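This is the structure I want to talk about, given as structure tokens.
A, B, C, D and E are the chain letters, set down in written order, and residue numbers restart from 1 in every chain.
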């Protein structure tokens, strides 16, 4: 199925109207939008604990809601696993019981796996009110993972987690997705986190979906722009590693099948092997363009590429450069003019190895 | 639940609550004599009558109230009935050290406080008391404290809530906290009596009914100062 | 007054105590599931005529117990609507221990339901939603989320059932009679004692007895409640 | 049975209705502040002998009302401990309208307190903490946070006070007497009617009357409760 | 008073021990630490809604808690305004009533000011449960601001807020601090947000304060390092603007009194005036060092400076460079060796104008 989720709903809550008509593609989808734009409302309706006034919801071929046919599948039969923004742990149960609430023997994801991933082993016998905000958030994620949902919906799952935890949970979610082909929808205010998870975004504003597609498309989509331009842009790509060698005392990771001089010089904490996947993210603001290679500079990555497009958004100029994968580079108008950049030009992308954020997903 | 399975060796007697002590003693004697079991149900006469009316399996009913006996007779629940014992109506005051000579006329006609009597609406003793008061020309109900039953009237006097009360002699004699200052002559009121009604047609029931008239029973009744004749 | 201080209980007192405890415990335990169910229904479900059902449930509360007992008698008596039908099945309820229990249940039920309803109403619905999303069935949600969270109310309902039943007099004497060893609970024995002049000390002892039981019940429930709260917070 | 269907109320019924309503409303309104205070204290404060206080508060619940009435008489009667003292002030309570109200209050108080206590216990303490941090005084926290959040329980307590008082018989007849137009409430009139042969229809009418009042009370409280919930959710 | 807050407390909660002995300096202080390290616990104790087992708390000369003298000032008298991680709005009050709960006429901060800043005017008549997660968070902040606290404590105030809102609230907090000299303590997992607010950090780990001081000091403090090295480092400085001119079609902001060739070429959305303050933040990873100026590159800011120190932390090398203010630059060891960098060397710091995050605080 090419469009496994079809939503066409309307729901009036006081003076707020949610009016969503969209397809959600399979895979991991990031839901992004300003506070109060209706993200949580949409997820609650998808989960089936709130109902729209009107419309239709079809998920993976099952009709969950249809006003005209009076179909209203109850939440417990939908298997739409929603992790609430506010946690909603059961206060009278220990963390262990909370985790096991939706767990059935033989479930694909194991208890110990989740406990270790989320670093909550020391909490198992505590009650939710004895846990810190971030601990509760982790338990809520764990509880949902263990309940074997068919679709995983996370509402701001990382809001009280520190970087280290995010960096361990995000690759895990990607792995789960790859292993079980479970659609994952993530609401987050941190576009950087989102883009590490996925390139597919759904942008909401004012109760409507104003954009739906890949990040690069949306960046220049007039409707989505109003939302996205408040944010820092990010390049995030997932790269397979074909070859690793030592260059000038640093590791060079080749991400193209054919050996070329375009490789990434990076400091990766983990020991990577050929065949592993890397998620690298780098801000378009941190890439410089140069007409030729530059010496005597601490910038180690100087990758040759070709400008595929030059687009303007507001005062900013974005060059899309193909260096084996497509990266967005933000430059100033004056720089663009001064260097005489044009589409089709050969150019070097300069960025420091340390300005690249790295996550490894394993195989 | 040990629900009552009515064996041949068991009878149920419904008796007015004010008759508790007497009937308990009589029943015990009967039990010993006949080697049977007597179940006693003790409540207000009206309550008992209503229970019988609604199908309670009573064998013998002892009422302090003639009208309830009549009521049951009317409804054909009575096989046989009669007067079990007679009682007298007395005027009582709280016990006091100073034994001044109190005249009933004074107490009843010029009460400082209230006079406790049973509620004449449904308490027989109250009805009799009203007849007595009428005889004393006390018309106003203002100074009357109408009690739920004659025992409450006695209690009010015991507690000193009222100056005096009109109750049964048997009750008054048992109380150590009141003094009888006057026994009303029988002419002043309808006869004061307990009535017995044979409700069921069982043989044992009839036997108990008759036993109540026996000399043993009469002895017990006399011990409690009832008059039997 | 020396009788007042006799430590051992007389036969009459033992009997009344035993009957009272049996009636009250049975009443409390038998009411519990129905009270929980009814309280939950009233708190969580919307249905036609709900307000009427609720008002109806509370009728035994507003009527003098004697009247309640009388109505029970009219219904369950041998000549009563239900009573005559039960009679054909060989079941007779009125004037038996069962009648005492039934009377207690009817009289205390509104209290128990109200306590449960009030507690369920205060249970955070969002937690029930969360449980549903985790795939829990209605039953599971009810027993694993709603009931434990409404526990203080349920305990309170149980206790109210028990204590109200301990003090129940009017309906019992009317519907179940005042039969020694069978339906003569402490309040009925107390009544009998009060009906007899000179039995004040017996009455007092019975009064103290019921107070002592209620004290024990209250303390026990308080203990359970505290333990629950400790568990929770 | 034709009397049953007479629409207008007889003088006796009017009087009983008026007395009953007056007693019950006064009882409910007078109990309310104390019940709220006591419920709050029991739910939120720790003090020595709290369990004993609580058990003590529930004594009127476990005792047959007649006994309660008797004890009240012992206390407030002419020779009673408090009664004799009040007598010197020219106040006499027993066998008056006030006595009927007092009896109702005593008998229904445990119910009201329990309802409030249960509700306050379920109020999220963290909200009270938040209010305190915002500088609110104890009073303000109590009235602006605790009371509104415990409102369903307080309403329930009020309603229980009212309905329990509507049905109150034993304590009233013992402590307040059965005085027409003053203390003869519906239950007392009903009892009289039931104890008199041939007054069945009068009894039934009185019964219906009390049921009607309780229905109205229940519906009214349900309405208020719904409005509150709508406000909140 | 040089050390207005003295804390020396111990508190055991289950198997978690909070043992804090520290001074908190006046001003804005960021509290940072991994999930479950005791940040919220500490703030609750300071606010007075929880009490330690032992110890002493003195805030601005007032003794709030002293076990040995049996002093325990109740929360309502402390005026320690704590905004809870979980909001804790009053569910039975409208948003307006919530906001006004602690408000007294004549309070310094006005209702309308707060409503406009937090963009919550449309919520005033709603109940909290009708508001989204981020909306509730904003109301909680507003409610506290309006209650005129003497110390403002914010526990993860931005966790559900989008960038745009953060960028308007952070300068506002700084302004409030400057105007009323109210100490502000902020817990956040986003070190970037924290550093925009302040340079003063308190690092917590495992129930203890493992570092307390300025960010630059802490970065190389052995105890704090374990916490901080999980995070991306950030340079954040507050600069006064002395002069603005036009250079190559961009605005150049001079941040030094003496005119020099060191200025920032930035794209600032707001119209700035001389005398305004700028908060700029840039990651050490996004600054390159070069021995000489580089042409034909889109990197516009090439500021001359002097290396004041070179420190190593793990595999990373940090150069502190004085370019009128002190910036940290992260380079690789190989680059350092190859370029032969030494302390005292003159060097150019290269960074793109777009990789600088900018907040303006006004005067």
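The rule is simple: a residue touches a chain if its C-beta (ideal position, glycine included) is under 8 Å from a C-beta of that chain, and two chains touch if they have at least 3 such contacts.
Small disclaimer: the values here were computed from a predicted structure and weren't measured.
Where touching is counted per the definition, the chains common to chain A and chain D are C, E.
The copies chain A and chain E differ by a rotation of 180 degrees on their C-alpha atoms, rounded to the nearest 5.
Centre-to-centre, using mean CA coordinates, chain C is 61 Å away from chain E. Chain B has its Cα centroid 90 Å from the Cα centroid of chain A.
Averaged Cα coordinates give chain D a centre that lies 58 Å from the centre of chain E. If each chain is reduced to the centroid of its CA atoms, chain B and chain D end up 34 Å from each other.
In chain B, the residues that reach two or more other chains under the touch definition are 47, 50, 155.
In chain C, 66, 70, 191, 194 are the positions where the chain touches two or more neighbouring chains simultaneously. Each of residues 86 in chain A touches at least two other chains. Interface note: chains touch in the pairs A-C, A-E, B-C, B-D, C-D, D-E. In the complex of the two chains, the chain B residues touching chain C come out as 1-4, 12, 14, 17-18, 20-21, 39-43, 47, 50-51, 53-57, 149, 151, 154-155, 171-172, 174-176. Chain D makes touch with chain B in their complex at residues 70, 73-74, 77-79, 94-95, 173-174, 177-179, 191-192, 194-198. Residue ranges on chain E touching chain D, taken from their complex, read 47-49, 74-76, 79-82, 84, 86, 88, 90-92, 101-102, 127, 129, 143-144, 147.
Of all residues in chain A, those touching chain E in their complex are 13-15, 34-36, 39-41, 85-86, 122, 126, 130-135, 138, 155-156, 159-165, 189, 230-232, 248-250, 265, 267, 283-292, 294, 296-300, 315-316, 329-339, 350, 352-355, 357. Of all residues in chain C, only 51-52, 54-55, 58-59, 61-67, 70-71, 111, 114-115, 118-119, 121-122, 152-153, 156, 160, 163-164, 166-170, 187, 190-191, 194, 203, 207, 210-211, 213-215, 217-219, 222, 229 touch chain D in the complex they form.
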